[in-house]
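First chain written, first letter: the chains are A, B, C, D, E and F, and each begins at residue 1.
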Amino acid sequence: MPYVNIKITDEGVTREQKKQLIAGVTEVLQKTLGKNPKTTTVVIDEINVDNWGMGGLPVPEFRETLKQS
Amino acid sequence: MPYVNIKITDEGVTREQKKQLIAGVTEVLQKTLGKNPKTTTVVIDEINVDNWGMGGLPVPEFRETLKQS
Amino acid sequence: MPYVNIKITDEGVTREQKKQLIAGVTEVLQKTLGKNPKTTTVVIDEINVDNWGMGGLPVPEFRETLKQS
Amino acid sequence: MPYVNIKITDEGVTREQKKQLIAGVTEVLQKTLGKNPKTTTVVIDEINVDNWGMGGLPVPEFRETLKQS
Amino acid sequence: MPYVNIKITDEGVTREQKKQLIAGVTEVLQKTLGKNPKTTTVVIDEINVDNWGMGGLPVPEFRETLKQS
Amino acid sequence: MPYVNIKITDEGVTREQKKQLIAGVTEVLQKTLGKNPKTTTVVIDEINVDNWGMGGLPVPEFRETLKQS
(Lines give C-alpha, C1' and ligand atoms only; values in the text may rest on other atoms or scores of the structure.)
Protein backbone atom coordinates (compact mmCIF):
# COMPACT_ATOMS: atom_id res chain seq x y z
CA MET A 1 0.00 0.00 0.00
CA PRO A 2 2.86 2.47 0.11
CA TYR A 3 2.62 5.60 -1.96
CA VAL A 4 5.86 7.16 -3.16
CA ASN A 5 6.03 10.51 -4.91
CA ILE A 6 9.32 11.40 -6.62
CA LYS A 7 9.79 15.01 -7.71
CA ILE A 8 12.70 15.62 -10.06
CA THR A 9 13.60 18.41 -12.45
CA ASP A 10 12.28 17.97 -15.99
CA GLU A 11 15.60 17.37 -17.73
CA GLY A 12 15.15 14.60 -20.27
CA VAL A 13 14.59 11.60 -18.00
CA THR A 14 14.09 8.66 -20.37
CA ARG A 15 11.28 6.10 -20.18
CA GLU A 16 13.84 3.46 -19.33
CA GLN A 17 15.14 5.53 -16.43
CA LYS A 18 11.60 6.00 -15.12
CA LYS A 19 11.18 2.20 -15.29
CA GLN A 20 14.34 1.80 -13.23
CA LEU A 21 13.19 4.40 -10.68
CA ILE A 22 9.84 2.62 -10.28
CA ALA A 23 11.45 -0.82 -10.03
CA GLY A 24 14.23 0.34 -7.71
CA VAL A 25 12.05 2.23 -5.25
CA THR A 26 9.47 -0.58 -5.19
CA GLU A 27 12.26 -3.05 -4.42
CA VAL A 28 13.56 -0.90 -1.56
CA LEU A 29 10.09 -0.93 0.04
CA GLN A 30 9.77 -4.68 -0.48
CA LYS A 31 13.20 -5.49 0.96
CA THR A 32 13.01 -3.01 3.84
CA LEU A 33 9.39 -3.32 4.93
CA GLY A 34 8.14 -6.42 3.09
CA LYS A 35 5.65 -4.32 1.17
CA ASN A 36 3.78 -6.02 -1.68
CA PRO A 37 4.95 -4.56 -5.02
CA LYS A 38 1.45 -5.08 -6.42
CA THR A 39 0.00 -2.49 -4.05
CA THR A 40 3.00 -0.11 -4.09
CA THR A 41 2.28 3.09 -6.03
CA VAL A 42 5.11 5.26 -7.38
CA VAL A 43 4.35 8.59 -9.04
CA ILE A 44 7.07 10.65 -10.73
CA ASP A 45 6.55 14.38 -11.13
CA GLU A 46 8.92 16.15 -13.58
CA ILE A 47 9.20 19.83 -12.66
CA ASN A 48 10.32 22.59 -15.00
CA VAL A 49 13.72 23.95 -13.82
CA ASP A 50 12.22 27.45 -13.65
CA ASN A 51 9.63 26.11 -11.18
CA TRP A 52 12.22 24.58 -8.85
CA GLY A 53 14.06 26.81 -6.39
CA MET A 54 17.19 26.21 -4.32
CA GLY A 55 19.22 28.81 -2.43
CA GLY A 56 16.43 31.30 -3.14
CA LEU A 57 17.01 31.02 -6.89
CA PRO A 58 15.53 29.05 -9.79
CA VAL A 59 17.70 26.01 -10.56
CA PRO A 60 19.48 27.53 -13.61
CA GLU A 61 20.66 30.55 -11.60
CA PHE A 62 21.46 28.39 -8.57
CA ARG A 63 23.70 26.20 -10.69
CA GLU A 64 25.49 29.29 -11.98
CA THR A 65 26.33 30.29 -8.42
CA LEU A 66 27.72 26.79 -7.79
CA LYS A 67 30.00 27.10 -10.85
CA GLN A 68 31.35 30.41 -9.60
CA SER A 69 31.93 29.26 -6.03
CA MET B 1 -11.03 24.69 4.31
CA PRO B 2 -10.31 21.12 3.22
CA TYR B 3 -7.72 20.56 0.53
CA VAL B 4 -8.14 17.49 -1.65
CA ASN B 5 -5.53 16.36 -4.18
CA ILE B 6 -6.62 13.71 -6.70
CA LYS B 7 -3.88 12.03 -8.71
CA ILE B 8 -5.06 10.00 -11.71
CA THR B 9 -3.39 8.73 -14.83
CA ASP B 10 -3.51 11.09 -17.80
CA GLU B 11 -5.90 9.08 -19.99
CA GLY B 12 -8.33 11.48 -21.60
CA VAL B 13 -10.37 12.61 -18.61
CA THR B 14 -12.92 15.08 -20.01
CA ARG B 15 -13.71 18.52 -18.63
CA GLU B 16 -17.17 17.30 -17.70
CA GLN B 17 -15.68 14.39 -15.73
CA LYS B 18 -13.38 16.78 -13.88
CA LYS B 19 -16.43 18.90 -13.02
CA GLN B 20 -18.12 15.78 -11.62
CA LEU B 21 -15.03 14.81 -9.62
CA ILE B 22 -14.84 18.31 -8.10
CA ALA B 23 -18.58 18.43 -7.35
CA GLY B 24 -18.69 14.88 -6.02
CA VAL B 25 -15.69 15.12 -3.70
CA THR B 26 -16.83 18.53 -2.42
CA GLU B 27 -20.26 17.07 -1.67
CA VAL B 28 -18.73 14.15 0.26
CA LEU B 29 -16.84 16.60 2.48
CA GLN B 30 -19.95 18.72 2.98
CA LYS B 31 -22.20 15.75 3.84
CA THR B 32 -19.63 13.94 5.99
CA LEU B 33 -17.98 16.79 7.87
CA GLY B 34 -20.23 19.78 7.13
CA LYS B 35 -17.40 21.51 5.33
CA ASN B 36 -18.26 24.70 3.43
CA PRO B 37 -17.96 24.07 -0.34
CA LYS B 38 -16.82 27.67 -0.82
CA THR B 39 -13.60 27.01 1.08
CA THR B 40 -13.06 23.44 -0.15
CA THR B 41 -10.18 23.19 -2.62
CA VAL B 42 -9.89 20.25 -5.02
CA VAL B 43 -6.83 19.88 -7.26
CA ILE B 44 -6.61 17.18 -9.93
CA ASP B 45 -3.19 16.06 -11.12
CA GLU B 46 -3.13 14.04 -14.36
CA ILE B 47 -0.01 11.86 -14.46
CA ASN B 48 1.54 10.38 -17.61
CA VAL B 49 1.15 6.56 -17.54
CA ASP B 50 4.92 6.20 -17.91
CA ASN B 51 5.34 8.23 -14.71
CA TRP B 52 3.00 6.03 -12.66
CA GLY B 53 4.28 2.75 -11.28
CA MET B 54 2.46 -0.25 -9.81
CA GLY B 55 3.89 -3.68 -9.07
CA GLY B 56 7.34 -2.23 -9.78
CA LEU B 57 6.38 -1.47 -13.39
CA PRO B 58 5.09 1.52 -15.33
CA VAL B 59 1.31 1.30 -15.77
CA PRO B 60 1.36 0.03 -19.41
CA GLU B 61 3.60 -2.92 -18.49
CA PHE B 62 1.70 -3.54 -15.25
CA ARG B 63 -1.55 -3.80 -17.18
CA GLU B 64 0.09 -6.29 -19.54
CA THR B 65 0.92 -8.53 -16.59
CA LEU B 66 -2.70 -8.32 -15.42
CA LYS B 67 -3.92 -9.44 -18.85
CA GLN B 68 -1.63 -12.46 -18.78
CA SER B 69 -2.48 -13.50 -15.20
CA MET C 1 -5.04 3.35 -9.30
CA PRO C 2 -6.14 6.82 -8.23
CA TYR C 3 -4.46 8.37 -5.22
CA VAL C 4 -6.50 10.88 -3.22
CA ASN C 5 -5.03 12.94 -0.39
CA ILE C 6 -7.52 14.76 1.85
CA LYS C 7 -6.11 17.40 4.19
CA ILE C 8 -8.48 18.61 6.91
CA THR C 9 -8.00 20.37 10.21
CA ASP C 10 -7.50 18.10 13.21
CA GLU C 11 -10.81 18.80 14.97
CA GLY C 12 -12.18 15.53 16.29
CA VAL C 13 -13.05 13.73 13.07
CA THR C 14 -14.45 10.35 14.18
CA ARG C 15 -13.41 6.96 12.80
CA GLU C 16 -16.89 6.59 11.35
CA GLN C 17 -16.57 9.90 9.51
CA LYS C 18 -13.19 8.83 8.09
CA LYS C 19 -14.87 5.62 6.88
CA GLN C 20 -17.54 7.72 5.15
CA LEU C 21 -14.93 10.01 3.58
CA ILE C 22 -13.01 6.99 2.22
CA ALA C 23 -16.16 5.29 0.94
CA GLY C 24 -17.65 8.47 -0.49
CA VAL C 25 -14.54 9.64 -2.36
CA THR C 26 -13.86 6.13 -3.69
CA GLU C 27 -17.43 5.98 -4.96
CA VAL C 28 -17.08 9.33 -6.75
CA LEU C 29 -14.01 8.02 -8.60
CA GLN C 30 -15.78 4.78 -9.46
CA LYS C 31 -18.95 6.49 -10.73
CA THR C 32 -17.15 9.30 -12.56
CA LEU C 33 -14.18 7.52 -14.07
CA GLY C 34 -14.96 3.84 -13.57
CA LYS C 35 -11.95 3.45 -11.32
CA ASN C 36 -11.60 0.14 -9.46
CA PRO C 37 -12.15 0.71 -5.71
CA LYS C 38 -9.64 -2.05 -4.95
CA THR C 39 -6.78 0.01 -6.40
CA THR C 40 -8.04 3.42 -5.22
CA THR C 41 -5.96 4.83 -2.37
CA VAL C 42 -7.32 7.52 -0.06
CA VAL C 43 -5.09 9.11 2.59
CA ILE C 44 -6.46 11.54 5.17
CA ASP C 45 -4.08 14.01 6.82
CA GLU C 46 -5.39 15.75 9.96
CA ILE C 47 -3.58 19.07 10.44
CA ASN C 48 -3.31 20.98 13.71
CA VAL C 49 -5.31 24.24 13.45
CA ASP C 50 -2.17 26.19 14.36
CA ASN C 51 -0.45 24.66 11.33
CA TRP C 52 -3.20 25.67 8.89
CA GLY C 53 -3.29 29.24 7.57
CA MET C 54 -6.02 31.18 5.77
CA GLY C 55 -6.15 34.92 5.15
CA GLY C 56 -2.56 35.10 6.40
CA LEU C 57 -3.59 33.86 9.84
CA PRO C 58 -3.70 30.55 11.68
CA VAL C 59 -7.23 29.09 11.56
CA PRO C 60 -8.24 30.14 15.12
CA GLU C 61 -7.41 33.79 14.44
CA PHE C 62 -8.90 33.63 10.94
CA ARG C 63 -12.20 32.37 12.37
CA GLU C 64 -12.18 35.24 14.84
CA THR C 65 -11.99 37.72 11.99
CA LEU C 66 -14.95 35.99 10.31
CA LYS C 67 -17.02 36.36 13.51
CA GLN C 68 -16.26 40.06 13.67
CA SER C 69 -16.99 40.74 9.97
CA MET D 1 16.19 21.58 4.60
CA PRO D 2 12.64 22.91 4.30
CA TYR D 3 10.56 21.80 1.36
CA VAL D 4 7.88 24.19 0.14
CA ASN D 5 5.34 23.27 -2.52
CA ILE D 6 3.31 26.12 -4.02
CA LYS D 7 0.28 25.17 -6.08
CA ILE D 8 -1.21 27.99 -8.18
CA THR D 9 -3.51 28.10 -11.17
CA ASP D 10 -1.75 28.03 -14.54
CA GLU D 11 -2.54 31.59 -15.62
CA GLY D 12 0.55 33.07 -17.24
CA VAL D 13 2.88 33.36 -14.24
CA THR D 14 6.10 34.84 -15.65
CA ARG D 15 9.59 33.52 -15.02
CA GLU D 16 10.37 36.70 -13.12
CA GLN D 17 7.38 36.17 -10.85
CA LYS D 18 8.49 32.59 -10.17
CA LYS D 19 11.91 33.96 -9.24
CA GLN D 20 10.25 36.36 -6.79
CA LEU D 21 8.10 33.59 -5.31
CA ILE D 22 11.18 31.41 -4.76
CA ALA D 23 13.24 34.26 -3.31
CA GLY D 24 10.39 35.57 -1.16
CA VAL D 25 9.37 32.23 0.35
CA THR D 26 13.02 31.26 0.96
CA GLU D 27 13.55 34.58 2.75
CA VAL D 28 10.50 34.03 4.97
CA LEU D 29 11.91 30.66 6.08
CA GLN D 30 15.35 32.19 6.69
CA LYS D 31 14.01 35.14 8.69
CA THR D 32 11.42 33.15 10.64
CA LEU D 33 13.26 29.91 11.36
CA GLY D 34 16.87 30.68 10.41
CA LYS D 35 16.76 28.07 7.69
CA ASN D 36 19.71 27.94 5.28
CA PRO D 37 18.57 29.09 1.80
CA LYS D 38 21.06 26.67 0.23
CA THR D 39 19.11 23.68 1.53
CA THR D 40 15.63 25.21 1.12
CA THR D 41 13.70 23.65 -1.76
CA VAL D 42 10.74 25.44 -3.36
CA VAL D 43 8.66 23.70 -6.03
CA ILE D 44 5.92 25.54 -7.94
CA ASP D 45 3.11 23.51 -9.51
CA GLU D 46 0.97 25.36 -12.08
CA ILE D 47 -2.46 23.74 -12.29
CA ASN D 48 -4.87 24.05 -15.22
CA VAL D 49 -7.95 26.06 -14.13
CA ASP D 50 -10.18 23.15 -15.19
CA ASN D 51 -8.28 20.92 -12.74
CA TRP D 52 -8.75 23.27 -9.78
CA GLY D 53 -12.07 23.24 -7.92
CA MET D 54 -13.55 25.67 -5.42
CA GLY D 55 -17.15 25.80 -4.19
CA GLY D 56 -17.70 22.46 -5.94
CA LEU D 57 -16.98 24.01 -9.33
CA PRO D 58 -13.99 24.34 -11.64
CA VAL D 59 -12.34 27.75 -11.21
CA PRO D 60 -13.87 29.36 -14.34
CA GLU D 61 -17.42 28.53 -13.23
CA PHE D 62 -16.62 29.43 -9.61
CA ARG D 63 -15.45 32.86 -10.69
CA GLU D 64 -18.68 33.34 -12.64
CA THR D 65 -20.67 32.73 -9.48
CA LEU D 66 -18.55 35.33 -7.67
CA LYS D 67 -19.31 37.89 -10.39
CA GLN D 68 -23.04 37.29 -10.07
CA SER D 69 -23.09 37.39 -6.24
CA MET E 1 17.80 18.06 -5.78
CA PRO E 2 15.19 15.30 -5.95
CA TYR E 3 12.43 15.29 -3.37
CA VAL E 4 10.93 11.93 -2.47
CA ASN E 5 7.88 11.55 -0.24
CA ILE E 6 7.12 8.05 1.05
CA LYS E 7 3.70 7.50 2.64
CA ILE E 8 3.31 4.25 4.57
CA THR E 9 0.89 3.06 7.21
CA ASP E 10 1.94 3.77 10.79
CA GLU E 11 2.64 0.18 11.87
CA GLY E 12 5.81 0.16 13.96
CA VAL E 13 8.44 1.01 11.34
CA THR E 14 11.74 1.04 13.25
CA ARG E 15 14.35 3.80 13.11
CA GLU E 16 16.70 1.33 11.43
CA GLN E 17 14.14 0.57 8.73
CA LYS E 18 13.66 4.30 8.10
CA LYS E 19 17.45 4.60 7.72
CA GLN E 20 17.37 1.79 5.14
CA LEU E 21 14.46 3.39 3.27
CA ILE E 22 16.31 6.72 3.10
CA ALA E 23 19.59 5.11 2.05
CA GLY E 24 17.94 2.76 -0.45
CA VAL E 25 15.80 5.37 -2.21
CA THR E 26 18.69 7.85 -2.32
CA GLU E 27 20.87 5.16 -3.89
CA VAL E 28 18.25 4.39 -6.55
CA LEU E 29 18.19 8.07 -7.55
CA GLN E 30 21.99 8.22 -7.61
CA LYS E 31 22.39 5.04 -9.67
CA THR E 32 19.50 5.77 -12.05
CA LEU E 33 19.83 9.50 -12.60
CA GLY E 34 23.23 10.36 -11.11
CA LYS E 35 21.59 12.57 -8.53
CA ASN E 36 23.80 13.90 -5.72
CA PRO E 37 22.82 12.25 -2.41
CA LYS E 38 23.70 15.46 -0.57
CA THR E 39 20.86 17.33 -2.24
CA THR E 40 18.38 14.42 -2.30
CA THR E 41 15.57 14.89 0.22
CA VAL E 42 13.50 11.93 1.44
CA VAL E 43 10.51 12.49 3.73
CA ILE E 44 8.61 9.57 5.28
CA ASP E 45 5.01 10.12 6.36
CA GLU E 46 3.55 7.43 8.67
CA ILE E 47 -0.25 7.39 8.32
CA ASN E 48 -2.68 5.97 10.89
CA VAL E 49 -4.38 2.84 9.43
CA ASP E 50 -7.77 4.44 10.06
CA ASN E 51 -6.72 7.35 7.84
CA TRP E 52 -5.69 5.15 4.92
CA GLY E 53 -8.36 3.79 2.60
CA MET E 54 -8.26 1.03 -0.01
CA GLY E 55 -11.22 -0.61 -1.72
CA GLY E 56 -13.44 2.09 -0.20
CA LEU E 57 -12.61 0.90 3.31
CA PRO E 58 -10.13 1.84 6.03
CA VAL E 59 -7.11 -0.50 5.96
CA PRO E 60 -8.22 -2.72 8.90
CA GLU E 61 -11.59 -3.46 7.27
CA PHE E 62 -9.97 -3.82 3.82
CA ARG E 63 -7.57 -6.44 5.19
CA GLU E 64 -10.52 -8.33 6.66
CA THR E 65 -12.09 -8.55 3.23
CA LEU E 66 -8.82 -9.92 1.83
CA LYS E 67 -8.76 -12.65 4.53
CA GLN E 68 -12.29 -13.69 3.64
CA SER E 69 -11.75 -13.72 -0.16
CA MET F 1 -6.69 30.23 -4.27
CA PRO F 2 -3.04 29.26 -3.89
CA TYR F 3 -2.19 26.25 -1.77
CA VAL F 4 1.20 26.24 -0.07
CA ASN F 5 2.58 23.24 1.81
CA ILE F 6 5.63 23.82 4.00
CA LYS F 7 7.46 20.75 5.27
CA ILE F 8 9.98 21.39 8.04
CA THR F 9 11.65 19.21 10.62
CA ASP F 10 9.79 18.90 13.91
CA GLU F 11 12.22 20.84 16.10
CA GLY F 12 10.25 23.06 18.46
CA VAL F 13 8.76 25.57 16.02
CA THR F 14 6.69 27.93 18.19
CA ARG F 15 3.11 28.99 17.52
CA GLU F 16 4.36 32.53 16.94
CA GLN F 17 6.83 31.31 14.32
CA LYS F 18 4.06 29.39 12.54
CA LYS F 19 2.00 32.61 12.53
CA GLN F 20 4.93 34.42 10.93
CA LEU F 21 5.43 31.67 8.34
CA ILE F 22 1.74 31.82 7.40
CA ALA F 23 1.68 35.62 7.27
CA GLY F 24 5.00 35.86 5.43
CA VAL F 25 4.24 33.29 2.72
CA THR F 26 0.73 34.70 2.20
CA GLU F 27 2.22 38.17 1.76
CA VAL F 28 4.74 36.90 -0.81
CA LEU F 29 1.88 35.46 -2.89
CA GLN F 30 -0.13 38.67 -2.55
CA LYS F 31 2.76 40.94 -3.51
CA THR F 32 4.10 38.73 -6.30
CA LEU F 33 0.91 37.47 -7.91
CA GLY F 34 -1.80 39.65 -6.38
CA LYS F 35 -3.39 36.59 -4.78
CA ASN F 36 -6.20 37.22 -2.27
CA PRO F 37 -5.02 36.29 1.25
CA LYS F 38 -8.54 35.18 2.11
CA THR F 39 -8.35 32.30 -0.34
CA THR F 40 -4.66 31.48 0.19
CA THR F 41 -4.17 28.23 2.11
CA VAL F 42 -0.90 27.48 3.92
CA VAL F 43 -0.36 24.10 5.57
CA ILE F 44 2.71 23.39 7.71
CA ASP F 45 3.83 19.78 8.17
CA GLU F 46 6.33 19.16 10.98
CA ILE F 47 8.35 16.00 10.23
CA ASN F 48 10.23 13.92 12.82
CA VAL F 49 13.99 14.23 12.18
CA ASP F 50 14.22 10.44 11.90
CA ASN F 51 11.70 10.59 9.04
CA TRP F 52 13.66 13.18 7.06
CA GLY F 53 16.62 12.06 4.97
CA MET F 54 19.44 14.03 3.34
CA GLY F 55 22.65 12.64 1.87
CA GLY F 56 21.16 9.16 2.24
CA LEU F 57 21.00 9.54 6.02
CA PRO F 58 18.42 10.57 8.61
CA VAL F 59 18.89 14.22 9.59
CA PRO F 60 20.71 13.55 12.92
CA GLU F 61 23.37 11.42 11.21
CA PHE F 62 23.56 13.80 8.24
CA ARG F 63 24.29 16.69 10.59
CA GLU F 64 27.04 14.63 12.22
CA THR F 65 28.73 14.24 8.86
CA LEU F 66 28.52 18.00 8.32
CA LYS F 67 30.24 18.61 11.69
CA GLN F 68 33.06 16.27 10.78
CA SER F 69 33.61 17.69 7.26
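One rule holds in what follows: a contact is a pair of C-beta atoms (placed from the backbone, for glycine too) under 8 Å apart; a residue touches a chain by one contact, two chains touch by 3 or more.
Just so you know, these numbers come straight off a predicted model, no measurement behind them.
A.B. asks: Can you name the chains that touch subunit B as well as subunit E?
C.D. replies: A, C, D, F
A.B. asks: List every chain that touches both subunit A and subunit F.
C.D. replies: Common neighbours, subunit A/subunit F: B, C, D, E.
A.B. asks: Half is the threshold here, strictly exceeded: which of D-F, B-F or A-B has more than half of its contact pairs identical to B-D by residue number?
C.D. replies: Among D-F, B-F or A-B, the interface that shares over half of its contact pairs with B-D is A-B.
A.B. asks: Quick one: subunit C and subunit E, Cα centre-to-centre, how many Å?
C.D. replies: Here the centre of subunit E sits 21 Å away from the centre of subunit C.
A.B. asks: For subunit D and subunit E, what's the span in angstrom between their mean Cα positions?
C.D. replies: Chain centres of subunit D and subunit E, defined by C-alpha means, are spaced 26 Å apart.
A.B. asks: Between subunit B and subunit C, what is the gap in Å from one C-alpha centre to the other?
C.D. replies: 14
A.B. asks: So which bits of subunit D are touching at least two other chains?
C.D. replies: 1, 3, 7, 21, 25, 39, 41, 43, 45, 52, 54
A.B. asks: Let me make sure I understand the interfaces: which chain pairs count as touching?
C.D. replies: Between chains, contact exists in these pairs: A-B, A-C, A-D, A-E, B-C, B-D, B-F, C-E, C-F, D-E, D-F, E-F.
A.B. asks: Report the residues of subunit F in contact with subunit C in the complex, numbered from low to high.
C.D. replies: 15, 18-19, 21-23, 25-27, 37-46
A.B. asks: Would you pull the subunit C residues touching subunit A in the complex into a rising list?
C.D. replies: 1, 3, 39, 41, 43
A.B. asks: List the residues on subunit A that touch subunit D in their complex, please.
C.D. replies: Listed in rising order, the residues of subunit A that touch subunit D are 7, 45, 47, 50-58, 61.
A.B. asks: Spell out the residues on subunit C that touch subunit B in their complex, using ranges where they run on.
C.D. replies: Counting only subunit C, the residues touching subunit B are 1-9, 13, 17, 20-21, 24-25, 28-29, 31-33, 35, 39, 52, 54, 59.
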